[in-house]
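First chain written, first letter: the chains are A, B, C, D, E, F, G and H, and each begins at residue 1.
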Amino acid sequence: MDKVFMKGCQAIAEAAIRAGCRFFAGYPITPQNEVPEYFSRRMPEVGGVFLQGESETASAAMLYGAGATGIRAMTSSSSCGISLMSEAIGWMAGACMPVVICNVARGGPGIGSIQPSQQDYFQATKASGNGGFRMLVFAPSTVQEAVDMTYRAFDLAQKYKYPVYILTDGFTGEMMEPVVLPEMRSEEFLAAERKANDAWAVRGRNGAPKAHKIRCGARPGVVCTLEEKNIEDWEMYEQWKKDEIEYETYGTEDAELIITAYGISARIARSAVSILRKEGYRVGFVRPIKIHPFPEIAYEQLDYSKLRGILCAEMSIPPQFAYDVEAVVRKRAPIATCLRSGGEIIERSAIIDAAKKLYGDK
Amino acid sequence: MDKVFMKGCQAIAEAAIRAGCRFFAGYPITPQNEVPEYFSRRMPEVGGVFLQGESETASAAMLYGAGATGIRAMTSSSSCGISLMSEAIGWMAGACMPVVICNVARGGPGIGSIQPSQQDYFQATKASGNGGFRMLVFAPSTVQEAVDMTYRAFDLAQKYKYPVYILTDGFTGEMMEPVVLPEMRSEEFLAAERKANDAWAVRGRNGAPKAHKIRCGARPGVVCTLEEKNIEDWEMYEQWKKDEIEYETYGTEDAELIITAYGISARIARSAVSILRKEGYRVGFVRPIKIHPFPEIAYEQLDYSKLRGILCAEMSIPPQFAYDVEAVVRKRAPIATCLRSGGEIIERSAIIDAAKKLYGDK
Amino acid sequence: MPKIEIESEFCKGCLFCVEACPKDVIGTTSAVNDKGYQYAVPVHQENCIGCSICAIICPDAAIEVYKED
Amino acid sequence: MPKIEIESEFCKGCLFCVEACPKDVIGTTSAVNDKGYQYAVPVHQENCIGCSICAIICPDAAIEVYKED
Amino acid sequence: MENTILIGGIGGQGILMFGQLLCQTALETTDKYITYFPSYSMEKRGGTSDCYVTLSDEPVGSPKAEKSDYVVIFANQALKKFEDALYPGGALFIDTSVCTEKPNRTDVHIVEVPAGEIAREIGDARVANLCMLGAFIGYTEILPPDKVLATALKKIGAKRPELRALNEEAFNKGMEIGTAAKAAHV
Amino acid sequence: MENTILIGGIGGQGILMFGQLLCQTALETTDKYITYFPSYSMEKRGGTSDCYVTLSDEPVGSPKAEKSDYVVIFANQALKKFEDALYPGGALFIDTSVCTEKPNRTDVHIVEVPAGEIAREIGDARVANLCMLGAFIGYTEILPPDKVLATALKKIGAKRPELRALNEEAFNKGMEIGTAAKAAHV
Amino acid sequence: MKKVYSRPIGLHRNINGYCPGCLHSAAGKIIMSALEELNLLEKTAMVDGVGCCANNNNYMDLDAIGTPHGRACATASAIKRCSPETIVITYQGDGDLASIGLAETMMAANRGDNITVFFINNANYGMTGGQMAPTTLLDMKTTTTPFGRNPEEHGYPMDMCKVLSTLKGPSYIARVTCTDVPNVRKAKEAVKEALQHQVDGKGFSMVEFVSNCPTNWGLTPLESLKFIKEHMLAEYPLGVYRNL
Amino acid sequence: MKKVYSRPIGLHRNINGYCPGCLHSAAGKIIMSALEELNLLEKTAMVDGVGCCANNNNYMDLDAIGTPHGRACATASAIKRCSPETIVITYQGDGDLASIGLAETMMAANRGDNITVFFINNANYGMTGGQMAPTTLLDMKTTTTPFGRNPEEHGYPMDMCKVLSTLKGPSYIARVTCTDVPNVRKAKEAVKEALQHQVDGKGFSMVEFVSNCPTNWGLTPLESLKFIKEHMLAEYPLGVYRNL
C-alpha cells in the first residue's frame, strides 16, 4: 500500500470520504481550515455535499439535518468553534444521530490562540454540551492515527447511532506525515447502509407504515420519557467501558515510573520514555487511545508497589487529563505533571527532566 | 428583618439588584423566564439596564460588554441556553470579566425538558466552554440560599475579577419560599467600585495615561502570553482551594453511612437523613455548598473505618457529581447512587430505600 | 338538507365558527369535553346552508360539512 | 519647496503612492526594511508640489507632507 | 409537624392562587418553614395546573412532596392524577361542580364541595376557589380562617376589588361546609 | 538516527516548499519516519514562515524539534530567532543575499550561500530556495541529490514549467557550494 | 350526503395542545391540506422550530424533525441537499425565525436553498410566556416590555417579508393571515404556491402567517382576531412580496 | 516648513500586521483621523471583531475590546447602554458582521442602538486564509469555492447596506472605498458623519468600506485596487443609503 505525504487536516478529510462521509458542513477557523477546504474540492468528485455554514452553530445544525437523512456526515472546527456547537452536539446525542465531530484544538479559553493545544479535554470527555451526555472520544497521536480513527469513527457512529468525537490538535492537523490511506468504502456498502437507515431517517414518509420522527430526547421513532432515554444512554456508556476501551502501554512491566499522556503529547512522551530507558531509567508509558471511555484498567494493571510516581504530560494548564489519572490512581503513587498551554508545545526535554526529578536516584 | 414570600427566580433577580447589579441581558427560556421578566420591570427603578438579547450568544456578548464598563452585570439562562453561551463564557474568563452567570437548569441533553434537573454538573464545574478554565460555582438548596449566594457572587466576581457561576435548577427557580432579602448596596459603594474599575474599564480613555485594552487571554491592560495568563488563572484556582471551599456536614461524627448531595437534591437528602437518624440509622450528611472548588476536605474528614458506604443522590443520569465524590473517596468506602433525570425529582423515599440497602442490617 | 358535524373532542370553544356562521347555526353548551373546553354544537342545524364557512375558519379542524349529492 | 517624508519602517511597498503621485516623485529601492518590505522612497523630491495625494492614499500612514508656510 | 397539601386542576381555576394564599398566611401567622411549588403543563390555557404546599416545623425537603396530607381537586383529570398521592387517612377535597367523577379511595376522608355551583349562585364563577379554600380551612384548621380570608381579600382585592364581597361570601360558605364535614368525620 | 532540520524565513520565499521537498524525497527513497510541521505568523505576506522537518529511524516525537541538526536561514529575523535552535556541531545554512547579519554561534558549521544573488544571475529570484536546497543536500548528503532534484522538478514543474531549467541550474550551483563547504569542513 | 369539507387526512386524531383560538392550529391545518392536495404528504419532511410549534409533532402525520432553537433553516438546507427528492418545510415562530435564528433564516434564503419556510408571526414568544419578539408591535406590553415596546429602547417591529425580499435567493415570499374565510383561502393558495416553487426547484420560499397568541396577549380568541385586523395587519401588510 | 499632512496622532508607531496594500490599514487610518478631527479619541471605545482587524489593537491608541466572532454589535450595544457618554464603535470584517454575526448586526441596527459600525468588506475571510464570505462575488474563487462562487450552490453576494436599509433603526448608512484620493476623502466624510450621528444621539450608524485582500485574492496591491473598481463596486455601489 502506497504511502502519501499528507497534512493532518487533509488526511482526516480524505479518510472521512473513504469511510463514506458524503456530507460536510463547517465554518472557517484556524487550524482546521484545510478540512473544509479539502472537502470543498473533493465532495463534488464523490457526489457528496459540502456546505459552508454561516457559523458553527449553523454548521452543527446542518450536520444534524444531514445525519437525519441517514447518510454519513461530519463537521470539524476548533475549540471556541466547538463551544458554539455545544447545544447542537447535545441535541444530536439526544436524538441519537450517527455523526462525526472533529475538534482540531487550539489554545483557550475563548478564542485563545491559533496555536495547538490540549485544553479541551474536559469539554470533549465530560461536557461537550449540557445534560451530561458522553461520546466516544478518539485522540490521535499521528497523522496515520488521525486517518485510521476518522475512518473508524464513522463506523462506530453508525454502530451506536450516536455522535463520535475526534479530539486532535493543531499540530496533528497542520503537520505532514506519510500515511497509508484506507480503502474507499464501496457505493454498494453505503447504499445498503442508507437503505437500512431509511427505517428511521426523515426524508418523507414514502409509504412507510408510520411517519418518522426525530427529536431530542429519544432515539428516532421511539416514544419514551427523557429519563428513559438518559438511562438507555447511560447503559450504553457502561457497555462502552467493556467494549470500547482503547489504550497502549510500553515498558510497564518493570516500570518504576510511568509517564502517561494522550494525543500529541503522547508521541512526545513516548519518545522521552525511549530516551529515559536508554539512559537506564525504568520508565513505562501508558496512553489512552480513546480518552472516553477512560481506560481505568490501564492504570489498574500497574504494579504500584514498584512505582515511584506517575508523570502526566499534557498541553493544558490547568491540567485536565491529570484529573482523570488521579481519580483512577487513587493516591497509590505520587502524581506529577509536565504541562504547557496556550499554544506552546510540550518539550521532550521538559518531560525528561520532570521524569528524572520524580524518579529520584537511579 | 421581614420575610417575603418569593419565587426563586424573582428572588435571585432582586438579590442581584440589591447586590448592585445594574445590567442584565438574557433570552427567554423556561424555567428562568422570571429572571429577565423581573429585571425588565425592576431595572428602570434603579437606573439599571435591561436588555433582551436576540439569543443567548448575543446576551452573553452583551454581558461581556457591560462587564467591560466596570459595572456589576449578570445573565441567566437554562441548560441548552447556557451551552450557547459557552464560547462567550470562556471568553469572559479569558478576559477576566467580573460577571455573574446563573443557570436555572433543566433536563438535557440538548433542549431536554423544561423540568428541573441537575444534569449540568460537569459543564458547570469543569467545562463551561473550551480551554479548561474554571469558575467558582454556587449551588443553592433553598430560595434563601439562592438569594444569599447571588448577593455574594457579585462580590466574589469583583474580588477575583472573574466570572462567577450559580448552578441552580427549575425547582429552586420556580418554587416560592419565605426569604429575608439582603440590604440594598448603596449608590456610593457602587460608584466607588465603578471608579476603581475605571482603572481598566473600556469606556473611552478620558485622560488615562494609557488606553485600556480588554482581550481574551489577558487581564485587562496586561500584556502577557496566553500561557502566562493560564498559569495565573491556575494559581487562582489553587488559591480557591484554600479560600473558597464551602460545604456543610451533619451527623458525620458517628456516621456509618454518608449521604451526599448538592443543590436541590441536598435538601431532600438532608430530610432523608433526619428521618433515617430518627429510625436509628447512623447516617451522616455531606453537602458541597460551592461545587467548584470541590470540597475534598469534607470527604477527607470522614472516618472511613466506620463507614458502610456513601450514597450520592443527584438528579442526573448518568451520574456526574458522584464522579467527583468517587475521585476523592478513593474506594475507601463503597459508593452507591440514587438518581433521577430528565425533569423528574428525586424522591426522599428513594433516597431512604437506597440508604437502607447500602447500610444493611442496623 | 346540508348539515355540519362538530367533533366535540377537537373543539376548544374558540367561538370562531359561532361568530362566522351566516345562519347562526352554531352555539355552545355548558358541557365540557375531556380537555375541559366548552365545545361548540350546532343548535340550529336546520338553518345550515352548507357554505362551509364554519369549517374553513375552525382552526382545529373540528367541523366537517355534508351536503346532498 | 514642498517635500515628503516616508517613514521607511511603516512602508510596506504597496506602490500606491508611486502609482498615484502626479509628479512621479516616488520610487522604490532594492533595500528592505526590518519587516522585509522593499520600501518606497522619494526619488525626485524636487518635483514635489505638496499635493498630498501620496500621503492620502498611503494606507499605512507612512508619508507626511511639508510645504513652505 | 409537616403538612403537605396538593392542589390540582386546570389553568385559570385559581389553583396557584389557592396555594399561595395558604403560604402567605402561614408566613404572616406562623414560624413554619414554607414551600410552594407550582407545576403546569406546556399549554397555557386548558392545560393542567397544580401546586404543592408544605408547611413544616423543620426545613422542607422536597418542594414536591411524594404524598400529601391533603389533596384539593378541581377537575376530573386532577382526580385521576392525584388521588393516589394522598396519605391514607388524609383528606380529599373535591369541587363536585366540575369534578364529576368519584374517587376510588376508601381510606381517606372525602370532603365534597359544590364550589362551582355555590360560586355561580353567589354571582360569579370565579370565586369558586375561595369557596374551596374556605372549606379547606374549615376542615383542616391549619391556619386561622380570618387571617386566610384577610390575605385573600388583600391579594385578590388588589386585582379585582369588585369581587371582594363575593369572595368573602364564597369563603364563608365553604368554611361552613368544611367545618361541618370535620364535625361529621370526628 | 534522527535528523532534525529547521528552515526559517519570510512568507513567499519557498520555505515550506523546501521542507516538503525533503520529506517527499525521503518518503520515496527511504524507510524513515518523516514529520513536517509548518509554522507561520498571522500575517500572510511578509510575515515569518518556518518549518520543521524530522527524518528518523524511530517514530518521531515532537513534530517541532527543540533543537535541530541543521538550520537553514532565509532572513535576518529568522537568524535571530533560530540561531540558538541549532545543536552544537550542527550546520547553519544562510542565504547571505537576504540575510545580511552574521551569526554569533562559533560552535557550529556555517555554510554561506548567496542564493538570492545566484538566482538573480540565473535569471529568476524565485529559484533561490532551490539553490539553498542544493547547498543543503550537497553538504548534508542526507538524501540522494538526483532524487531531491527530481522531486523538486516534478512538484515545481507542475506549477511553473517555465522555471524547470532555472531550478535545475540553481540546485546544481547550490550543490557545488554545499559539497565544497563539506569538503572544507572535513 | 356528501362530505364537502373534511378534516385534512394528515391530521391525527390526537388533539394538539395549542390554546383555544390559536392560529397555529389554523396554519397547521392549512399546510396539511395543501400538502394533501398537492399529493406531497408522503414526500414531505417537516423541520419544527422550537416554540409552541412543538405541538405539531404529535398531530401531524408527517416525517418530522425537531431542531435547536432558531436553526430550522440550517437543518432544512442540509436535509434538502442530502435528499433533494424530499419536500422540506420548516415551521417556525417569530422568536425562532427572526431573533435567535435570524442569521440561519437569512442565509438559507440568500443561498436560495430549495426549501419552504412557514413562519408564524404572533408578535411574541408564545411558548415561554409572552416575552417581546422582534415582531412585537410598538406599545405592546409583554412580559419583558412591561411598559410597552418603545422604539428607543427596543427598536422596531421586524418585517421579515421585507427584509428577505432584499435578497436575491428567495423565489417566493408571501404574507397571509387566517382571520376570516377569504384570508384562509388566500393563505392556502400561498402555501400551495410556495410548495409548488419547491417542487419546481425554484429555490427558497416562505409564507408568513400573521398570527395571534390569545393567551399571552390576554385576549379572548375572538378579540385576538380583531387585534390582528386592527393592529397587526397595519404593521404587517398582507400580500405576495416575491414571486419569480 | 509646515507639515500639511500628518500621520493621525492616535496611531502608535507599532507597525500593524496588515499585508501590503491591504485597505484595512486605510480604513483604520481614516477612522483614527476622523476621531482626531472630531476630538473623540479620548471618548471612544472600539469593539474589534475577529478577523484581520485583530491588528487594530496594537497600533491604535484607543480604548478597545476584542469580542467573540460576530458579536461586536451586541457587545457594543451593551457598552453604550451602560456608558452612554462613551463613543462606541465596532470594526468588523464581512465574515464577522455579515455571516456569523448577522443576527447581532441586524438586531443592533433594528434596536437603533446608538453605536457606529465600521464594516470592512473584502469579499472573503481574510484572516483564515480566504474562504468564501457572504459578500464573495459570483464566480470568485476562494479556498472553499475552488470552482468559483455559483449562485445555485452558494447564493448571492450579500449587500449589507441594502439589507440594513430595510430596517427602521439605522440613522446613517453609507458605503465607501479607499481606492483613490476622492474616495478616501468621501470615506472620511462618511466616517465623520456616522460618528456625528452617534454624538447627536441619532442611533445606529454604519460605514461599509469596500475593501481588498490582495493576499488571498492572489493579486498585487495595485491589481487589487483595480479589481475593486472593476468588480467589487459593480456589486457594491458606493453612496449614502440612509441619512436621517
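Methods note: contacts are C-beta pairs under 8 Å (C-beta built on N, C-alpha and C of every residue); 3 or more make two chains touch, one makes a residue touch a chain.
Just so it is clear, the model here is predicted, and its values are computed rather than measured.
The chains in contact with chain D as well as with chain G are H. No other pair of chains has as many C-beta pairs in contact as A-B. The distance from the centre of chain C to the centre of chain H, each centre being the mean of the chain's C-alpha atoms, comes to 59 Å.
Once the centre of each chain is set as its mean CA position, chain D and chain F turn out to be 36 Å apart. Computed centre separation for the pair chain E/chain H is 62 angstrom, with centres defined by C-alpha atoms.
The geometric centre of chain A is 39 Å away from that of chain G, both derived from CA atoms.
Shared interface positions of chain B, defined as residues touching 2 or more other chains, are 54-55, 57, 80, 87-88, 91, 95, 110-111, 216. Residue positions 42, 46 of chain E each touch two or more of the other chains. Residues of chain H in contact with at least two other chains: 18-20, 66, 68, 99-100, 102-103, 107, 127, 129, 134, 154. Interface residues of chain C facing chain G in the complex, by the touch rule stated above, are 3, 7, 9-10, 12-16, 19-20, 35, 37, 50, 52-53, 55-57, 59-69. Against chain B, in their complex, chain H makes its touches with residues 41-45, 47, 57, 61-68, 71, 74-79, 81-83, 85-87, 103-104, 107.
Residue ranges of chain B in contact with chain G, taken from their complex: 27-30, 33, 36-37, 40-41, 44, 50, 52, 54-56, 80, 110-111.
On chain B, the positions that touch chain E within their shared complex are 3, 5, 114, 142, 171, 174-178, 264, 267-268, 270-272, 274, 345-349. The touching residues of chain F, counted against chain A in their complex, run 20, 23-24, 27, 33-38, 42, 58-64, 66.
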